[in-house]
Amino acid sequence: MAETQVRKYGYNIPISEKTLQVPWEEKVRIIEEVKSDFRFKEYLFGCLNCGVCTASCPSNRFFDYSPREIVQRFLENDIDVLYDMMHEYIWACSQCFTCWIRCPFVNNPGGLVIIMREVAVRNAFEATKDLLKPYGRVLLKVMTTGNQLSADMLQPDFFPDWGPKMLDNMENLRAKRMAIPFDVGKSVKTAWEVSLQTAIEMYQIWRETGIFEMLEKLDPNLYNVIMDIVEENEERWEELMEEMEEAEA
Amino acid sequence: MGHKSKSPYLMYPEKEPFPILNKHSHYDHLFEEMYELEEKGEILVFRITEEYRPKYVYTRTGRIKVIPTNKLWHHKSCGQCGNIPGYPASIFWFMNKFGLDYLNEPHQTSCTAWNYHGSGTSNPVALAAVWLRNMHQAWKTGYYPLIHCGTSFGSYKETREQLIFNKELREAVKPILKKLGRLTEDGRIVIPQEIVHYSEWVHAMRDEIADLYEKEGKPKGIDVSNVRVAIHNACHTWKMIADDYPYDPEVYNGQRPAASTAVIKRLGAQVVDYSTWYDCCGFGFRHILTEREFTRSFAIQRKLKVIAEEIKADVMITHDTGCTTTFEKNQWIGKAHGMYYPIAVMSDVMFSALACGAHPFKVVQLYWNCSNYEPLLEKMGITNWRELKKEWEDAVRYISELEKQGKYDELLEFFKEYDLYEPYSKTSDGFKLRKSATSDLPLFKS
Amino acid sequence: MAKSVLVIGGGPAGLAAARTLGKLGIHTILVEKEGKLGGRPILEEYHTLIPRKMKPQQVIGPFIEEVQNNPNVEVKLNTEIEACEGEAPNFKVTLSNGETVEVGAIVVATGFQHFDAKRKGELGYGIYPDVITNLELEQMFSREGKLYRPSNGELPKRVAFVFCVGSRDRQLGVTNVHCCRYGCALSGLQGSEIREKYPEVEVFCYYMDVRTYGTWEYPFYWAPQEKYGVRYVRGRIAEITYSPKDGRLRVKHEDTIVQRPAEIPMDLVVLVLGMEPSEGTKKVAKILGLAQDPDNQFLIPAEDSGSNIISNKAGIFIAGACKGPIDIESSLAEGEAAGAEAATFIGAKVSA
Amino acid sequence: MAIHERSLVEPERILRKDRLVIDGIDVSGDWNLIILPRVIEDYDLSLLDEILQQPEGKTILQCYQCSYCTASCPVHNYWDERYNPRHFIYLARLGMVDELQKRADVMWRCVSCHKCTHRCPKGVLVEEVLKAILRVLAKRGLIEEYPSKKFDQFFMEQVVEYGRIEDGDLLFGWIEKQGYKVFKDPILKKPIPLFGEIPDWLKDLVIKPIKNMNIDFLILNAKHMLIHPRTKNWGKMKQVLRRVLEEEGVKLH
């Protein structure tokens, strides 16, 4: 008759069956990866359990999500809960950093979340892949152009909830964008026009800092699409450099 | 103004202007460290010298922050340029009005931090490299970077702190910058003396803006004295690295961030307090794009509804890309569940430009704005907004026709008049067509 | 060798020291910055003192009287010290009135000051009239004898006490990390007083933990709940805002027991202020070369001494709230001990 | 779109219309979904007043949330962690009625072991206080009468009727009340164990003791099942008892 006891965290979140099945060593490895980040020691000092972070937290008002819970679990080193949090819980954070400006210890729970997200992406958790699938358009844009948003991304199919004014804006978009009164703003596929040289430099940064690798693990298809564009632009750039050299000579 | 510590970048006023926090807070200490790093030859501090016409504001700790007002390098925001183009346009418009020098270059990426906070697909080294690369470009041109986006501003502030306090990070990022040719000739990293948000520029220029309102806005019949304003402070400007954002004794005794509030008050509009002033907008980075259920729930119930019920404001003033977008786009859908609280939403600089007589559609580009801005225009005395809107629509039609006919030369001529400045004249390249990674318009293809 | 003792500060600890010295027949100079003796409790008109629930005048009055009437004690009001030369037992101290006094020992009793609540901007003190400090509540009781909302003069239906304002808070820098020691107890007392006089007023205490240490547990924590029905809610207040809709304040916190965010309407909010070393304490520490805590700036006793009143400088004794938050009883006792210590230091012989 | 953090939102806080067109735009389903906030907006302070009026409720004010009671509670520790005496007291004192309601299904699970009361360092009569809370909530119609109360009532009816209970009668009568078909002999209309649609666990429950039972005791039990034993001179007592119960407002069927 006794109900099975499932460990819960937050207000009422059970640890998922999946998490319990993951080998202990693997969970420890993941949490250690979070804790070994150079920012970790700057983001977590101690905790009075006072609740100021959670009280200020916007996500907490709609989700059963609490920065205090994250801080507490790190201080307890509760591997199961921390590991479980990295699949769903941490994605509720709005990254507003109100917790940081309020905490009497000057902890930065929002910062802890961003480290956890990074680790969740690096390790390509299934939940992270699912979560970021609809985000692929943004990743494509930012990785290839250095802009995160462009006018043509706001397609009616994706934004009906933004209402009739928004849909009107999309009509004859090209001409309307050209009616923006400064030159680099007159583009449709990017927020502003980014020079080729800039993009090339950015690709180099992504390469050197392992961002492309991260992406490959996360979404191989998206990675391929992005790399095609990157390589095409790099070829264009090389051709241009050659042209310029010839012209100078 | 004020007295200095041993670091030339750290200044405090003679007399404390308001109940300040501890002067020896962690963040102010950064300026001492920065100075030491410069002395050691690791970094080069991009200084705000006289040519940038510095103005001074207080931060939360009472530190004096130097705000350059002239010769600025505009570091744009993808959200603004992408869907609130009137935002940067209003900034440029003011700079033209004040006769200030600036650059609006294509040689910049976004900070990429929106993606980072939204998806986690980046890391501090990459963010630092992107930041330093952009700052180096500004330094090379000799124009001081002015950051349009709140998230860029917040993220850059944090990255700067990480860089200055972490040797490992500096060492990780240096080789990358070297490959890109983004170090100084003697191999140093370029770090700007202050990271400056456009709202700080507006804050520093509030007297000039108010003068312009008197001189050009009022004679046009514009009057903002009856406008009730709800201020929304953007999280990434004042909550990220909280000690590096303006506070002022005149704004809530220096107890709340001063930017935006100060300029709106200076214009004579009524700033009204409401009970969720400190809440964020619900943007959530990832949420605004792929999980708007949360964003709209938050924006409507925590902000729009509260403002409508408590203070019946005419306009909501923000100073960041994300907040403006969130509030203006997520009003209409409230109709689905009887939660429609229409209100005008725009940034401080857009509102100020309107007050000073800027064209609501050609300059402030309200056409793209999904909020209920029309009643506000009426209340401000811009009663001819319908005609002004038609003017803009005519311009769009004209552009459309020229483009269809392939008359690019005529189009260029048209833009010479229409644009806030002549195309290409204000980039570091001077007047020459450039190679673009992104442009899709034949006009701008090389 | 000088046979006088200088007592700096005319608050409880300073008065107690001067009284003891005077009684022992030692020539004592008592300097006080303000125009009146008695220190914070008298100057700021506290209503009731913890822990014996006596009025400041009842407790400190007799000390003032004795000091003023004792011919051995020379009281100098509106006076500060400006400089000090020499070593014990031959100190030459310059006073702000231009005088120079030669003394054999010094008792420092320069006290504390209340935290400036405006530094916690999110709590709305100085913005919303119905957000007051516990000091102002004391003054409301002692000066006007009634409880009211400053915004409209009416009796509040609900009063909230917000603990740890300016205490245990690194957001303010390293200076305000310590506990104020008295806040929990005082709130319990004030809450009980309100409930006793106005049973229709609901009182809430928002706490992280309740630190009514020692024998204070019953009178200032248990009794307020059991006898007076003061309600304790666990969660630190993150923000106080005002809703024009109903003209009431909102105290925003996470109820950490329920684990949900809460925004509760309140009519009057009392901020329980932290304690900081007074400006005088910081100034005197510099002049006399006394050791200070690097973080909170309070004076600290000599490292090699087990006693709380022996300073790092020979012949200088420290007593009362200049060393950190302290209650009235202990402050008086430390003053007396410092006075006696100073007397023995200058080699005074007291006849039986 | 869909909420990724779905398990962090209770279903009752979701507003969503499957089909919806506004201003000519189709915003069906998730496009119009709105989540309601989970903020506590006020306390219901009258709840505590009512609890204090209950004779068992007085000691509630003494609680200082040390959680000795919950730490000792077998129901909390071995059955359902949502049964938490300390928490119930906290919620009741501040009048967080919705939170109490959410736990209505576990609130009656006290097994009356009195460990909580025994251990409380502040003399809170925990079990009594909890009963007072429950009574007030039930009176307000905020929680259902506890399910076992039906059994209590059935039990009491037996006692009132006979002055004592009879195990078999009680058990099978109760089973019948639960809607199971109990097989009865045609003459005396008494239930015959192990026949009918009674659940297996009950059959086991009955068989086990019967197997080990002393034959005399078995016969005695069978006899009692056929002829219900009665306390001597119970008739008068019964009348008095019924009157008292009526005056107290206790309903008997």
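Letters A, B, C and D mark the chains as written, and numbering starts fresh at 1 in each.
Keep this in mind: a contact is a pair of C-beta atoms (placed from the backbone, for glycine too) under 8 Å apart; a residue touches a chain by one contact, two chains touch by 3 or more.
This one's a predicted model, so the numbers in the text were calculated from it and none came from an experiment.
Enumerate, in label order, the chains that touch subunit A and subunit B alike.
C, D
Counting C-beta pairs in contact, which chain pair ranks first?
A-B
Between subunit B and subunit C, what is the gap in Å from one C-alpha centre to the other?
Result: the chain centres lie 46 Å from each other.
Provide the C-alpha centroid distance between subunit C and subunit D, rounded to the nearest whole angstrom.
53
List the centre-to-centre spacing of subunit A and subunit C in whole Å, with centres computed as mean CA coordinates.
Taking the mean C-alpha position of each chain, the two centres sit 49 Å apart.
Of all residues in subunit A, which are in touch with two or more distinct other chains?
10, 56, 60-63, 91-92, 101, 106, 131, 134, 161, 163-164
Which positions in subunit D touch two or more other chains at once?
Correct list: 1, 4, 23, 27, 31-32, 35, 37-39.
Two or more other chains touching the same residue: where does that happen in subunit C?
Within subunit C, the residues that touch at least two other chains are 122, 171, 234, 239, 255, 260-263.
By the document's touch definition, which label belongs to this structure's chain graph: line, ring, star, complete, or other?
Graph shape, chains as nodes and touching pairs as edges: complete.
Show me the residue ranges of subunit C that touch subunit B in the complex, using the header's touch definition.
It comes out as residues 116, 118-119, 121-122, 124, 126-127, 171-175, 239, 241-245, 250, 263.
Could you please specify the touching residues of subunit B with respect to subunit D in the complex?
Residue list for subunit B touching subunit D: 290-294, 296-297, 300-302, 332-337, 339.
Taking the complex as given, what residues does subunit C use to touch subunit A?
Per the touch definition, subunit C meets subunit A at residues 122, 164, 168-171, 208-209, 234-239, 252-256, 259-262.
Can you check the complex and tell me which residues of subunit B touch subunit C?
Interface residues on subunit B, with respect to subunit C: 18-25, 252-256, 272-278, 309-311.
Which residues of subunit C touch subunit D in their complex?
202, 221-222, 225-226, 229, 231-234, 255, 257-258, 260-265
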